[in-house]
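The same subunit A turns up in both complexes below, where it pairs with subunit B and then with subunit C.
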Partner chain A sequence: MIGGVDVVLWVRDDIPATDVIFRCVRHHWPKLVFQDAEEDSMPYSAQSSQWLPRPAGPEFFIYRDEEAARSWDAQGATPDNANTMLYVILGKRRQAKTGLKSLTLVCGDLTGDMRRIVDEIAASFRDSVEGLRYPAEAA
Partner chain B sequence: MTDSSKQDRLRKALDVSGSAWLLEYWGDDAESRLAQAVVDLDDFACEYERRFSERPDPFELLESDPIRGKAFFQIDTFVISLEMKIMIWRIMLGCEILRVEFRYDMEDATDLLITLRTPYGAEEQYRGKRSRDFRVLRHFGATEDNERLILQGYYALK
Partner chain C sequence: MKDHGPSQRSLNMNHFTDKDGYNGIRASSPWHFRASQPPVRLHHPFGAYFTTLPPHTKNLAKRLGIPKRKTEYIFSFDDIGDLTPLDNDRGEWIFYSPVDYDVDRKRQRLAETGKVDEL
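Take a look at the complex of A and B:
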């Protein structure tokens, strides 16, 4: 749909993936706008609540800002709005041995801010996978 | 809601969040620990409401978003200070972890000061009050940006 690059990450399903993703993206795009994949109308305003966005479904779009959202809505992918949208797909595939679930990030290309966003998301999930656990829960 | 029903609600929340093992771990003290936890959670909600004019409801969060809510019902929440509970809730709401100052000296008091930034840019400071308050650090999500450590989010341990 937007061409570009698919990045597949493997994540724990007991970590709120959308929470992690929005915190990482917000770090680079503080005026982000998000849209559920099933949503028809565009949410043109940046998040006004303190709560992080809570997508209703497993697929959603995050735009850099309102201008980017409007541009994508009106024209689709163009050279002017390149790399201003991240498409997130919380997958259903699961690694047999680790139990980790797939998460796919689709973006224009892995350069500039987008590279940093994707790297930051990947590092965050990596940390949770490699994290410690209580002995009582490890058994 | 009676004290008994509050304890039942907490017991159910521990079960839903995967922390039911705590009741066995607490053993003969389970009832008194539950009762104290209920009191502490009430204190937390009242103090939070006093400061921010809205009452937090971790039980509602657990029901509506179990994966996110689970982080609040881990053992560490029940042994840390009220100040740290408020800090946790602020992070879960969406605050960024702007700064962590942690000073440890084997022969002196430990000092933990955490500065958060709200989505509106305001800074809030939370200072540890108990020796076990450092446990909150275990739950911070960690990532990197250009080799720089970024702490963000408050998550349940595995």
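Take a look at the complex of A and C:
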């Protein structure tokens, strides 16, 4: 009763996490379709403007294109639509030592385009954290 | 979204499945949920999986990462806090038992169990 691969990242509060994610995904999926997790499914339309989507809640889905969105909506996860959707959860957890907030990316598998997308997102957040000095280490 | 976190763990625990799974589990008393390896090998722990997400949750199959047909039937029971949350943000609403998991009659919520569309 569970599928997908969960990748946990830790991000700073002052980083616009959703913007970072959408920029990385759009680079690989220019016809991406976005949906809030609390949103009814239809109709879907690809992002046509250069503006980045603004999720209304802490969970959202990014589909590769309209065809993928329709497939997921009709059937959920299937072998045919594998790795065509990224599920993003802006978490509530915090790392005790750093205070960084959790963010989970759920995908079908870490292969192909999906691997590259997840790696780019992870690298962006990692870059923002590197060099950060925490109170316990500053002394 | 609604909070389905630990504060609500005295409420329902649910297991979604398809018709074959439903008939198989329903036939046993107590209900017997068999632990197995989730599809992406070694990524999630071997176990029997459950969720606090209720039926009719929007985009339920997408959140669980499963085919929609596997959300057509539900077993619902009282949670007693013995299940382990996933070690990530889906752990707010997905829990597992590392071994087969039995639910005795006293914990079964029969009125909330069955074909989701008919509840």
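Here is the rule we use: the second predicted complex is superposed on the first by the 126 of 139 C-alpha atoms of A that agree within 3 Å, B and C clash if a C-alpha of one lies under 4 Å from a C-alpha of the other, contacts with A are read in each partner's own complex, and residues count from 1 in each chain.
Everything that follows uses one rule, which is that a residue touches a chain if its C-beta (ideal position, glycine included) is under 8 Å from a C-beta of that chain, and two chains touch if they have at least 3 such contacts.
Model, not experiment: these values are computed from the prediction.
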{"item": "Touching partner for A:R12 - first (subunit B), second (subunit C), both, neither", "value": "first"}
{"item": "First, second, both or neither for A:T78, with subunit B first and subunit C second", "value": "second"}
{"item": "Which superposed partner A:G91 touches (first subunit B, second subunit C, both, neither)", "value": "second"}
{"item": "Partner chain(s) touched by A:W51 [first = subunit B, second = subunit C, both, neither]", "value": "first"}
{"item": "Partner chain(s) touched by A:L100 [first = subunit B, second = subunit C, both, neither]", "value": "neither"}
{"item": "Contact residues of subunit A, present in both the subunit B and the subunit C interface", "value": "none"}
{"item": "Residues of subunit C touching subunit A in the complex", "value": "1, 5, 15-17, 38-40, 43-44, 49-51, 58-59, 61-71, 86-90, 92, 94, 96"}
{"item": "List of subunit B residues in touch with subunit A within their complex", "value": "18, 21, 25, 65, 67-68, 70, 75, 93-96, 118-120, 138, 141-146, 150, 152-153, 155-158"}
{"item": "Residue ranges of subunit A touching subunit C (in the complex, touch as defined)", "value": "1-6, 8, 35, 37-41, 57-59, 61, 72, 74-78, 85, 87, 89, 91-93, 102-104, 106, 108-109"}
{"item": "Footprint of subunit B on subunit A - complex, ascending", "value": "12-16, 19-20, 23-24, 26-27, 47, 49-52, 54, 116, 119-121, 123-124, 127-128, 131-134, 136-138"}
